[in-house]
Each structure stands twice: as C-alpha cells, then as structure tokens.
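Labels for the chains are A, B, C, D, E and F, by order of writing; each one numbers its residues from 1.
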Amino acid sequence: MKYINTLREGENIREIYFCKNCQSAVTKNGKEYLRVTVGDKTGNLDGMIWDPSDGGIENFEKNDYIEIAAEVRNFNGALQLNIKRVRKLRDGEYDPAEYMPVSRYTIDEMFAELMGYIGEINEPHLQRLLLDLFENDRAFVSEFKKSSAAKSVHHGFMGGLLEHTLAVTRMCRFLADSYIYLNRDLLVCAAICHDIGKVKELTAFPENDYSDSGQLIGHIVLGYEMVSQLGAKQEDFPPKLLRELLHCILAHHGELEFGSPKKPALAEAIALSFADNTDAKLETMREAQENTAVMENGWLGFNKYLDSNIRKTSQPEE
Amino acid sequence: MKYINTLREGENIREIYFCKNCQSAVTKNGKEYLRVTVGDKTGNLDGMIWDPSDGGIENFEKNDYIEIAAEVRNFNGALQLNIKRVRKLRDGEYDPAEYMPVSRYTIDEMFAELMGYIGEINEPHLQRLLLDLFENDRAFVSEFKKSSAAKSVHHGFMGGLLEHTLAVTRMCRFLADSYIYLNRDLLVCAAICHDIGKVKELTAFPENDYSDSGQLIGHIVLGYEMVSQLGAKQEDFPPKLLRELLHCILAHHGELEFGSPKKPALAEAIALSFADNTDAKLETMREAQENTAVMENGWLGFNKYLDSNIRKTSQPEE
Amino acid sequence: MKYINTLREGENIREIYFCKNCQSAVTKNGKEYLRVTVGDKTGNLDGMIWDPSDGGIENFEKNDYIEIAAEVRNFNGALQLNIKRVRKLRDGEYDPAEYMPVSRYTIDEMFAELMGYIGEINEPHLQRLLLDLFENDRAFVSEFKKSSAAKSVHHGFMGGLLEHTLAVTRMCRFLADSYIYLNRDLLVCAAICHDIGKVKELTAFPENDYSDSGQLIGHIVLGYEMVSQLGAKQEDFPPKLLRELLHCILAHHGELEFGSPKKPALAEAIALSFADNTDAKLETMREAQENTAVMENGWLGFNKYLDSNIRKTSQPEE
Amino acid sequence: MKYINTLREGENIREIYFCKNCQSAVTKNGKEYLRVTVGDKTGNLDGMIWDPSDGGIENFEKNDYIEIAAEVRNFNGALQLNIKRVRKLRDGEYDPAEYMPVSRYTIDEMFAELMGYIGEINEPHLQRLLLDLFENDRAFVSEFKKSSAAKSVHHGFMGGLLEHTLAVTRMCRFLADSYIYLNRDLLVCAAICHDIGKVKELTAFPENDYSDSGQLIGHIVLGYEMVSQLGAKQEDFPPKLLRELLHCILAHHGELEFGSPKKPALAEAIALSFADNTDAKLETMREAQENTAVMENGWLGFNKYLDSNIRKTSQPEE
Amino acid sequence: MKYINTLREGENIREIYFCKNCQSAVTKNGKEYLRVTVGDKTGNLDGMIWDPSDGGIENFEKNDYIEIAAEVRNFNGALQLNIKRVRKLRDGEYDPAEYMPVSRYTIDEMFAELMGYIGEINEPHLQRLLLDLFENDRAFVSEFKKSSAAKSVHHGFMGGLLEHTLAVTRMCRFLADSYIYLNRDLLVCAAICHDIGKVKELTAFPENDYSDSGQLIGHIVLGYEMVSQLGAKQEDFPPKLLRELLHCILAHHGELEFGSPKKPALAEAIALSFADNTDAKLETMREAQENTAVMENGWLGFNKYLDSNIRKTSQPEE
Amino acid sequence: MKYINTLREGENIREIYFCKNCQSAVTKNGKEYLRVTVGDKTGNLDGMIWDPSDGGIENFEKNDYIEIAAEVRNFNGALQLNIKRVRKLRDGEYDPAEYMPVSRYTIDEMFAELMGYIGEINEPHLQRLLLDLFENDRAFVSEFKKSSAAKSVHHGFMGGLLEHTLAVTRMCRFLADSYIYLNRDLLVCAAICHDIGKVKELTAFPENDYSDSGQLIGHIVLGYEMVSQLGAKQEDFPPKLLRELLHCILAHHGELEFGSPKKPALAEAIALSFADNTDAKLETMREAQENTAVMENGWLGFNKYLDSNIRKTSQPEE
C-alpha cells in the first residue's frame, strides 16, 4: 500500500483510503464538484472530483472506505488529488489497522490477561458481575475491545481502552499486594470496570468522537449506571459492597474539578484514582516522546496535559 | 407542653421529649447509670438516670420519643434532669412537629401546587415520568413530603425538600415565560425532579443525616439514576429528550467543583442551575436573618455559605 | 440595499457603507493610495482607492458613512473593492440599523415598560432618584437607549443595555414577589440602575468600544458615582437606604474576582447579582444558538463565556 | 496609673479606665446588677456593680471613660472587680493614649512631613486637590490624624493611617526617583490619598470598628468618591489626569480578589500597589515580632496574613 | 510497665516516663513548684512537684527520661500526678519504643531490603552514590533508620522514613517493570534518596519537630544538596544523569504549590511523584482507620489531608 | 551598518549579520540548498543559498557571525535574501551590541556601583562571601556582566541581570533605611546574590535560552547551591546566618506557585521578594511602553505578564 505521506507530485495512483470528509461545492461557472478528504494512518490529503456525475464515481459518503484512481497534483504549493474514479468498499475489502491508530499489543492477548484477573476474584458477586459483562455480553465485549480510551490525549487508538484498563488493573493488583488492608477483590473489580462507560462516551472508530451521551452524561456516570444495573441483576448482591464498587467508579478521577461527583472516601477509591492517573500520565509521556520532534537540546516543548515542559531522559548508554 | 428552653431549676416535670442520645456509664463506685440527652424543637438538655433497673424506667433507645418524670437541677452552673421515670411512646402519642424543625408552609398545599405544575406539562413522556413518581409511587411521595433539603445550611427542616423544589419550579416557569427559546416542559420537569435524590441522600427525620448512599454516591447521581429508571419504563421515551433531562439533573450544581460531573451544556440546564442557586442563597439569607442575633449596628456577622458578612436590609418604614 | 455578504466578483456597485478603517499607503512606485475597510451589519470588505486625489473622491474618515462606486474584484482568492468614487454622507441619509447590530425589540416600547416599573415604586426617594435620571436627564436617556450592554459577549447591540436592564428588572420583580422579606422598592430600583455606568464605559455606536473611563474606572464604579450624585441631590434621602442602593450596584457582579469591590451583604444585592448573571448567561446561550454553525451532531462547540461545550436543546416536536 | 495587667487579688483601687461593655443582669434572687468590662492599653478586666442604684454610681455607658473605686477579687481563679463607686469623666480628664494603642511616632511630626511632600508637587491641580483636603478641610484632617489603618491586622492604632500613608509616600518617592519614566507628581499624590477612604470605613477610636459605609462600600470606593469630588471642584482639572489619579486609588490593592475593581493599568498604579503591599507586610511582620511570644527555637508560629510560619531574624551580634 | 492510659485515681506508682515538659511556677503564697508533663506511647499526664528542693528530686529537664514515684489524684475531674521522687535515667535504662511511636516493621529487615535494591542497580555512578551514603556514611544511616517521615500526617513514627522510602522504591520498581521506556536505575535511585533531606528537616525523636533548616530550607532542597554533593565526589559522574537525578528529587512533590520548585519534566520524575503520593495517601488512610473512632455508620469523619470524609471499607466477610 | 529593518527590494548588500538558523534542504529537482535566517538587533530575515558548494560560501553554522553578499528580493510579498557569498567572522570583527539587545546603561558603571554596595556591608562573613564571588571569581563575573535576567518577559538583554540586580539592591537598601528592624547586611547581601543562578539557567548570548540545568533545576535552586558552597568555604560562617541568607534566595519569588520552595518566613525575605517583584513589573511596563505600538486611545493592549490591559500615563505637559 502507498501511504499518503509518501505520495509525490505527478504520480498516478490506485489506492484504498478512508474518506474523512466529502462536501459538494460549486465552481464560479456554476458547475458542481466534490471536495473530498481521504486519509490513512500516516495522514490526510484533499482531493477534487470535478465530475461527480461520471459513471466511474460510485456513491459514497464520509466515513466510507473508498478505492480511488487519481493523479497527485501540486496546487498552490500543496499536494492535491485529482480523483477520476471512486469505488466504495465493503467490510473485509480493507484492513482498518492501515487507517486507524491501533494498540502496539495484540487485543486478544490483552483480553485474555484481563479475563485471567477476573478469574482470580474470590468474592462471588463481584466476579459474577464481571463475567456477566465481559463473558456474556458479546456486544459489549466487541465494542470494548475496539474502543479507544480517549479522543486524543492518551490511548487514543483502537484497543486503547483495553490497554489502559489492563495497565490500571495490574497496578491495582500490585497495590493490593503492598497494602494488605485494601479489599483486593473490590479494588481489582473496580479497576476492571472503571472506564467501561467509555464505550458509550466515544463513538466507534473510525470516528472516535464524543457521542451525545458522552458530552451530556460522561463516561463516569454512564459506567456507574452500567455497573449499577449489573449489580441489580444479582438479587443477593450485598448492597454495601455494591455501593462501594459504585463509589470507586464515581470517584476515580480523584477530584471534583476533574469530573468526579465525589472525592474518594474509601482506600480502594484512592488506590484506583492513583493507578488511573499514573497510567494516564506515563502513557501520555510515552506517546509524546514517540510523536513529538525532539529539539536540539533534547526537550520536547510544553505538554498541555502534563502542564510542563518535558524532555526525554538520557538512556543508560548515553 | 413545657419547652426545654423554659425549664427552671427546681421544677418537677412530666413531659414528652425526643431522646437524642442514651449511653450507659459507671460511677466511681462501680454502679451503672444512664446519661441521656433529650430535646424538643427549642433545644436539648442532659439528664441522668441513676437507677436504670428501677421498674419505672421502661426500655428505650436513642431516637425514641419518651415521656419522663424528672426534677430540674443545677449541676456546675448548668441545668440537668434527674430522671425518675421513663415511658417509651408509640407513634401517634406525640406531635413530631414539636420536636423537629418544620416548614412554615402546609405540606399538602405545597404538594398540590407541585402536582398542578405537573398537570401543565404538555410533552406526554415527561408528564408520565413525573406522574409515575409523584402520583403512583406512594412510598416515594411519603418520603419526599417529609424530607429536608439539607442536613443544615438551608431548608434543613421537614418539608424543606418540597418547599425548595416548589420555589425552583416556580422560578423555572418564570424563566420559561421570559426566555421563550427555552423548552418549557423540559425545564419544568427537570426543576421538579432535580433534587429527588435527596430522599436517599438523607435519612428521615428525626435523624436527618447523610446516609451511606448519600456520602458515597450523592443526591445528584442518585437522582439521575431514579430518573433514568423511570425513563426506561416508557419504551417510547425519546432517547434524546431523556438524555437532556438527565443532563439537567447532573449539571444542576453548575460547576464541577460543586459536585456536578458535567457543566451545563443546554440552556435549560443553565436556567435550572441558576434557579437552584438563587433559591438556596435567598433562603439561607432568610434563615440567617431569622436565627442570628443582630449586632448593635444591624450586622449578622460572617455567613460561611454566603461567604460574606451579611446584614438585614432597612425596611421601608425605617 | 446590497449587503456585503452577497457581493460577487465582477459586479459594479453604488452603495452606502460604513467606513471602519482608512489608511494611507504608498506603492512600490512611490504613489500614494488608500486602503479602506467598509462594513454593514452582514460583514466587512477591504477596498483600494488608487487615485485619492481624483475629484470624485470626497474627503472622509474612519467612522464616516460613505456612498461608494466600486468594482468587486478578486485579489489572491479574496474579494476586494476597487473604489472609483466616494461621497461622505450626513446623518439622515442612511439607516444606522443597516450597519450596526440592533435589538430585536422596539426601543421605545422597552423604555415605556421600564418607566412603568419606575412608576410602581412606592418609596418616594428611590422613585425620585430614578425619575431625575430616566425622565429629566435627556442626554442620559438618549445615550442609554442606544447603548449596548457589552462590546461583545452578550447584548452587544444597540438597545442591548435597555433590553438587559429590562430583563433583570423583570426578574427582580419576580423575586420580590417570591421572597417577600426582600425590600421590593430597593431591589427594583437597584435593578433599573445597576448598569447605567455602561453609558460611560462604552463609547457610542458605531464604535461601541471601551472608553478610557471604562478601562480605568469601569461601569460598576461609574454607575455607583452617578447614583451617589443623584442621591446627594435629595437632601432628605435616608442615608442608610442610599448606602444600601449603592451597595447593590457595587456588589452586582457577585464576586470580587468578577470586579465587584464588595461581596453581596444584603439579600437584595444577592437577588440582583443572580438576576444579572442569569440574564447574561441565558442571552449568551441564545445568541450562540443564533450565530454559531451547528455541527452535525447538534453541538455548537466550546463557549468561552459559558465555559462549556454547548448544544441546542431538542424541540418539543423533535 | 495602675495598669490592669499589674492588679493583684486583694487590692483596693481608685483608677480611671475605659468602659468597654456594660450590661444589666438579674441574680437568681431577682436583684438587678451590672456586669462591666473595663480596659486600658494593657488589657481588660470584668467587674460587678451589685448595687447600681447606689448614689455613688453615676450613670455611664459603654465607651465612656470612668473613674472607679473597687476591690480586686478572685472569682473561680480569675481576677474580678467589685465596683463600689463610678464617676463618668469628661474629655480632658484622661489621656486617651493610656487606653488605646497609639503610633510610636509623633502625629504632628508625621503630618508635617506629609505636608512637605505635598509642597513638592509641581503639577498645580494635583497639589491644589491635596491642599483642599489636607490644609483646608479641618474636620478631615482631625479624623485623618487619629484614624488607624485597620481594625486589626496592621497599623491598628491611633495615627496608624498617617504612619502608613507616610511610609507608602516615601516609598513612592523612592520609586519615582528610580524609575524616571513614572509621573512623579501623579504617583506621590496618589500615595498621599490612596487610603483616605479609611476615615469613613472605620469608626473613630476607641471603637475603631467597621462602619456601615465601610462594610457596604469600602475604603477604596469611598476614597475614590472623595477624590472625585475634590477633582470636580477644580473646573480646569485635566480630565485624563483626574481619571489616572482615580484609577490609582481604585487599583491600589493590585488584584480583583483583594477588592480592587480594576487591575493596575498604569505604571503609577503598579508602583503604588507594591508600595502599599510592601509596607503592609513589613509592618505586619514588625508587629508580630513585637507582640508574639517567641518559641524556644525563635519561631513565632503561623501568621495568617503573611500566610507562612515566621521567625525573627538573627541580629548582627548573634 | 504501667501505661499512662491505664492509671486510676488513688494509685501509688513507681514508673519510668518521658518528660515532655517541665516548667517552674509560683503558688499564691510565693512558693516555687514544678509543673511537669510526662508521657509514654499511650498518652500524656500532668503532674506537680510541690517541693522541688527535696533531696529525692534529682535535676532533670524536658526530653529526659525519668523514673518517678507519685500518687495519682483527681483534680477538677482530671487525673494528675503528685510527684514525690524523681530519678533521671541514662540511655539504656529504658526502652524508647515504649515512649515513641515506632514502625510496625523491623528496622533492620527493612534496611536490608533497601540495600538489596541498591545492589540491583546496574549504572555504576548511581550505585556508588547510594553506597557512599547508605553504606559508608554511618552517621547518616543511624539517623535515617530512626527518622520519621513527618511530624504528623503520615509515617510520623520512628522508622517511618525508612518504611516510606521502601514503599516508594517498591512501587517505582513495579513501574519500571510496567513502563519499560523508563530508566529503571535512575528511577530506583531517585526513589531511594527522594526524602533523605528529612533527616535534616526533622529533629530526632523524641522531639521529632521541624528544625530551623527544615523550616527555612525544607527537605526537598536539603536532599537535593546532599545528592548534589555526593555526585560531585565522583569526578566522572555523567553530568546529564546527575541533573536528571537531582530533578527527580526537586520535582517529587509533583506541583509547585506542594513545594517542588519544578514540575516533573522527565518520565521518571512523574513516576516518582505518583509513587510518593500514592504511598502517602494510602498510609494516611491506614493510620486514620487505626487511630480514629469509627462512628455508628462506619464513617471516620473528615480527613484534612485526604480532603474528604472517609470510611472503612466493608471486609470480604461482611 | 545597514540594519535589517531598512532593507528594500532590489538592493545589493554586503553586511555582517548574526546567523540565527541554517538548515539544509532539497529542491524538487533534487538539488541541495541552504535556508538561512540572519538577524541584527532590528530584526530577522530569511535567505537562500542556492549553491552551497560555491567557493565563495565559507563553512558556517547557526550562531556564527557572517559577512554576506546578497540581493534583496521579494518572494510572495515578503523580502528575502539571495545570498551569493558568505564569510565567517572571528571575534573582534564585529560589535555584538549591534546584534543583541543590550542594557541602556554602561555595564562597568553598574558593576562598580554594585561593588560599592558590597563594600558597605559590615558583617564580615557576608562581605567575604560576596567578594569571593564578585571579586575573585573572574569566570563568574564575566558571565554575570553579560547575562540577561530572562529569555524574554523583562530584562531580556545583555547586562539585564546586572541592571536588575542593581535595581533590587538599591530598593533593598531603601527598605533597610525605612524599616530599621531589618538586618541590613543580610538584606543587601541577599539582594546582590538573589538571581546569580541565572548565569547557569540561561545560556550566554546570542542564544540566551534555557539551559538543561535551567529547565531541570532552575535559577532559584542553582543560586542556592552556589551560595551554599561559598558559605561552606568560610569555616566560621555563622550557620544560622547562612541559613537565613539561603532562605532569602529560596523564597525570593514570594509564593510556592511562582517556584519558590518556601514562602518568606523572615522579614528580609519578604522585603527582597517585594523588591524583586516591583522591579520586574515596573521594568516590564517600561519595556512594553517602548516596544508596543500605542493604539489610537493610548492603550497598549493586554499584557500577559502584568495580567491587565495597560496604557501609557499622560505626561505632565499633556
């Protein structure tokens, strides 16, 4: 496949790209044409379809995968596609991973590890609640595996939600080992479902944007409600334990001003909020080091989320 | 009835009071006795039962209403009851309004007015949701009518939740009249149910304290969940409208740092949060003027909730 | 009239516009020309006068209304006027409402309503103070009717100050009805004159920008001083009442960090600050819905003044 | 004079004290008596007048100076006066400096220095404005000389306002010498009148408490208004210069949250706000060192106004 | 040993306690006596030595260990010691652990574990720096082992600094395993020495209070300087690596307002600040659960450091 | 010399400029060329070297001073240099003051004044410490004299650090005269060395950017360490006095959130922090007035560092 960041002026290509945008426009002469933006995981490029009624141009819309035949041209110093033919693709004719950012890790391996942690839980109601969701709710599992953990900031890629959930869960297991007064089953269970509301907060890839629910309600309360309903399914779920689990979810951002309607009141809620924050910040730093151009002196500039100028650490051999 | 703030040293009384506390203790000589605190709406008084095993002392506990025979004595400069007899009362033998703070308004009249506003709502799903709760759920209605709107601060009395709900609803109706782009039915419905979570956040009178749910989850999310479940009962409830109603509830504190997990994103959520805040502050001021000793110069001192020194305004005739 | 947002390349026009800017410049060949920006209520457009000494070009300056003859041309992808003739207009030759944003409501009707509220005030000193200003001070009334309530943000149009004042006054009358311990005359009087300092803070339209007084002193203190002087004119004005009125004006922004030198200490000051804030926010939301392009999903993006992402509420029929 | 902090049990005294409080009470036997608090600059003491109708007890009130004959007794471990005779004094019969905290410096010398700085001002309008106040307004001068600069915090003593004004003026003269782009006359004039509103904000000694104006309006706006009126008396006062002077007064607290309705926008306003703050903090530190018990390790504990633990610096010889 | 919290009125005791305070006073009759406060790890008790010149009263001072013979009396409802004899003890005659709070863990075992982590470090300069301190500097090691990590708040006991250091180091090792882009040696080294400045910030037990250095400089900069000097001892220490280590120490409080002069700019500094904060908060919660009386409903009240109401989590069997 | 802001299209020049940047690039045809940015104190200009291998193009790098022969051309509306010849210069062939911003004052005169203040110090250890640095450490003195006090903001020019240090020292001397309880020698010494860490925080001109140490450690702690080492050189330096000096340096930003790890606890630290802040703000205002275009109404727009709209004050003659 010819990635967008390798195209050169003058080339004629036939490639599959993802259509990020498509708008109708009119030339000064009153002729209709289409402005299109296509993309792959390496970037985006604008293109023009000057004759949309041409038989070689199939109907397609924003968010479709399309195969195009086009010439790469230079317009006012920027490359542009002059698109001659468009074919709309069906699922299976393309590999989404070429078009969307994806996790470095294998999704199924990560999920298997997560299921292993569910298997370790001794408290039967907590384990049953998790199994009802992660084993029996196929629709949820399918969305959960593909979801990102954010629109941008950190873990903004397919599998990002699973990768983040796993990292937080591992850290909570470590904390339960270290601080033995913690209720391990409660903490691990809370870690596993702390961000499940994100499957509703964000739309699926390739869009990966805030849904109406996401903006009006938010993943904290959406996740609270999902867990509350799962708890209600078990008639004998100890009500105090369920409240504690729900509190951990509500309080996992740690501070009211970060969107938690309650500050952590239980040790497990404190532990979870630190694990969540630690993974978020360390992954943000990792992504910044990967994606940001390093300045001469090793500094990466100001990172808004970390609220600091940041730099790569020297490596042992340096 | 002889109110506690009128008792004088040397009196012998037979009166009904509410038992606020009751603890067993041991004298230096190893004899068991009971320390009791009784109260009515005018104040509290400590008392001693030196011979708990006496036949005239019925079994009773904290939060019981008891009829006592006692002598009022002076101990180290403070009045104290020497309790000779105790009879535990049953519901109906006393008038709770003598023991708890109550609204200045008649609860049934306030409730009737509220039901009138529900009757005005045109959007059928919103009206049905409110009727399911305020007409059909007798247990809820019974609690709602008696609940306060706070442990202290403002509206901390029986009927306070209803009185506050009514004031906010009236103000939202006024705003809907004034700003015609507002969705009147949505706004009035949100006003009526914005604080229903408080019936779960606070325990019933006479305790009127935060429940475990209240502290771990809070009335905002508890109310959200109640409305969400009521909405789910109507299969054809327009999902977008339900989300908007739920958002108004979540956002009604106006700011994240005041415990709303989302800032108001809809005009109705903004209107509701102002109506809620305006009533809270003006009622706080009213109660402060009623309860606080006025200093020589008319000032009432610093009010923590209003974050200002406050003073009574001069009256027209002054 | 041909509005600026309807002009097309190639047209020859003869229209009246408002001159927003006019600067002399020199071509590379050393020839003087004029760069002009003209505007109407639909937008602005740049233009060139290549021969300023031509007899058809009358003398004019920034902030004049001018009638121009010009050709609409395309320069580097943007439209531009090639101006051949300019005639400077006198008052009366144009309709300012075509060039400035104006209130949706009739100014005289709004003013009559406001005068009605002054008529309702029973306390004679307060009423006399208002009449001295709104009835007897013609210069003030003329400025007040035309003034905006802000440079931008909300009510940034002619009549905006009157429209805002009226909305706040109506809300304060409602609050005085609802909270009967409020001093109604004081509150309504304070509402009517809370923002009068804005006639000095902002320059008149078409400029509508902060004056030197506005930036150095601000409308809160300017309004305070105006009311203080009006009060001093009445020898028998009760001093305590005058202080209370002045306090309401000083405290109407509610918080020190919003520019009030005192926090509200009186119930009426609290009520006024909420009425002011509620109208400001609900009008901001209304204007945002009118002026902002709605995104696919109904959201309007982040609104800085409301400090939130905002969206239009679904309408009853949706 | 026998100071209150030197009285011993068993003494019989005849001394002049200031009456800080006087309240009527009733014994258990129904007999009326008076509870009195008297004070001097070393402290306060409670006393009882058991027979108020005795001919030796003249009528007197709170805030009177009284000569008393009394026995010093021990009641429950604390000293108390048993007052037998009371004579109410007239002005001149006592030395207020024995009863109120006073400046370490001679008031007339300080005032003469201040007048010298007024004499240095070259700009005629500014100088005339200051002379109108500090030379021609005898009532003001009399109050100004006796006023404190605060109820407590710093400079809370007679002459404190003058002492603080002088310190700020000296520092502003230094700054005008150092930063020659500053408008020296404007800055010195602003320094001299920056706090004149305090003569209205605080009541006179011995009360020295916030007045109604002080709480509702505050010294910043009160001072603004005094200067504005003084400026208006000079018909030819340059309006821009007057606005600048008024701005310096409004902005002299430096930040909105400290009660200035405007942030400093002029260099002179910045200079004044620093001079004001520097003197306030250094005087607070001086008073803390004088009045606070030094702990073993030299530390003085936490100072709320300085928001820090503070300690005395070691002296050169240490 | 008879602990202070077990003493009863009327007992005659001969026990060793720690003298927390000792002050000379004078009775009304002019006779000198001593007011003493003695303590052990269960609490404090006041005592009187009415005849300090008695031969049975050896010279002693605050912070001495003393053996006393005394009678336990009741004075105004509180127990008090009437001390007859005092003998000042020498080191070795008492067990400090009976008088000071100590870690639950064995200090030598903890220290051995810490040395093990130093042994794991591969980077030779970092390891040598740690060995210079933790192996070769006997005076430091002796202080480090006994020091607390705080005056109060959390880890305020002997061995607390070591216990906290160990917990942070373990967590950093876990993070280095989980986020492989972290420089493990740098992170573990920084963890081990992040709080070494506390041996200078706090005085030794039994005082355990802030030193003059502690208050004026603080443990962050004191620790920075210690590490900087250790680094300077190795001529070939890579300067960039040393700066990174020093940065981790400076930034380990995570935010400027918590006393770090720099925000974390390196991934290791972020990791360390989270590990430090997580241990501090989880240990605070543990101590609160151990030391605070649980209210009826399981809640422990408001915890200032955690800035939240807190409660014990229900245990698995509940 | 022909300054960059005077160059016109079409000129052929031979001038010495400072090379701010130099990057290799490739044309579409695959030919290598150099993009260069040159500057002097009046501004920067981009240039192209189309034939880098030409014999007339000597080797040079970023931060070199170069003499160029070039033609001034217009490219897309902006001037650009077409560079034909480049000669790299040696120190002495150019006058740095033409290329870097420099202080208005003579560096040697400023330094002499500073040395005079050192000469006035009576406390021998403090004076010796300063002489060790400002007299005996030639390398430091050379850097100190040339350093700026900031990358931008204020005093961002050669000699800026010295100019700022001098202004702060003068103000501290004034404060020591005014507040006689201050330890004058300590305060003046602290003023002189409060910012010496900036010689390490910022790289030398022409770069004048944050060094790695500057970003990771910061000038406050770097300066602390320098003074601490100087103090350690004097065996008999009174330790308490040294701690006080070091505290003044650490606390000179006044607030934790401005990067001081400790709040001022000593009067001298308070005095120094005000002097530092006052000079910083007044110099910022001076530079803003010099560098910012004044708007029609005299206003200079919003200044981020002063956090306010600012304006020039009217001058006496206005």
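Of note:
Here is the rule we use: a contact is a pair of C-beta atoms (placed from the backbone, for glycine too) under 8 Å apart; a residue touches a chain by one contact, two chains touch by 3 or more.
Please read all numbers here as calculations on a predicted model, not as lab measurements.
When the partners of chain A are compared with those of chain B, the chains appearing in both lists are C, E.
Between chain A and chain D, the least number of touch steps comes to 2. With centres taken as mean Cα positions, chain D sits 44 Å from chain C. Centres computed as Cα averages put chain B at a distance of 63 Å from chain F. In chain C, the residues touching two or more other chains are 212, 215-216, 240, 244, 265-266, 309, 311. Pairwise, the chains that make contact are A-B, A-C, A-E, A-F, B-C, B-D, B-E, C-D, C-F, D-E, D-F, E-F. Contact residues on chain A toward chain C in their complex (touch as defined above): 28, 212, 215-216. Per the touch definition, chain C reaches chain A in the complex via residues 9, 297-299, 309, 311. Interface residues of chain C facing chain D in the complex, by the touch rule stated above, are 212-213, 215-218, 220-221, 224-225, 228, 240, 243-244, 246-247, 250, 256-262, 265-266. Listing the residues of chain A that touch chain E in their complex gives 122-123, 167, 170-171, 174-175, 178-179, 181-183, 185-186, 238, 240-241, 244, 263-268, 270-271, 274, 277-278, 281-282, 285-286, 289, 306-311, 313-316, 318.
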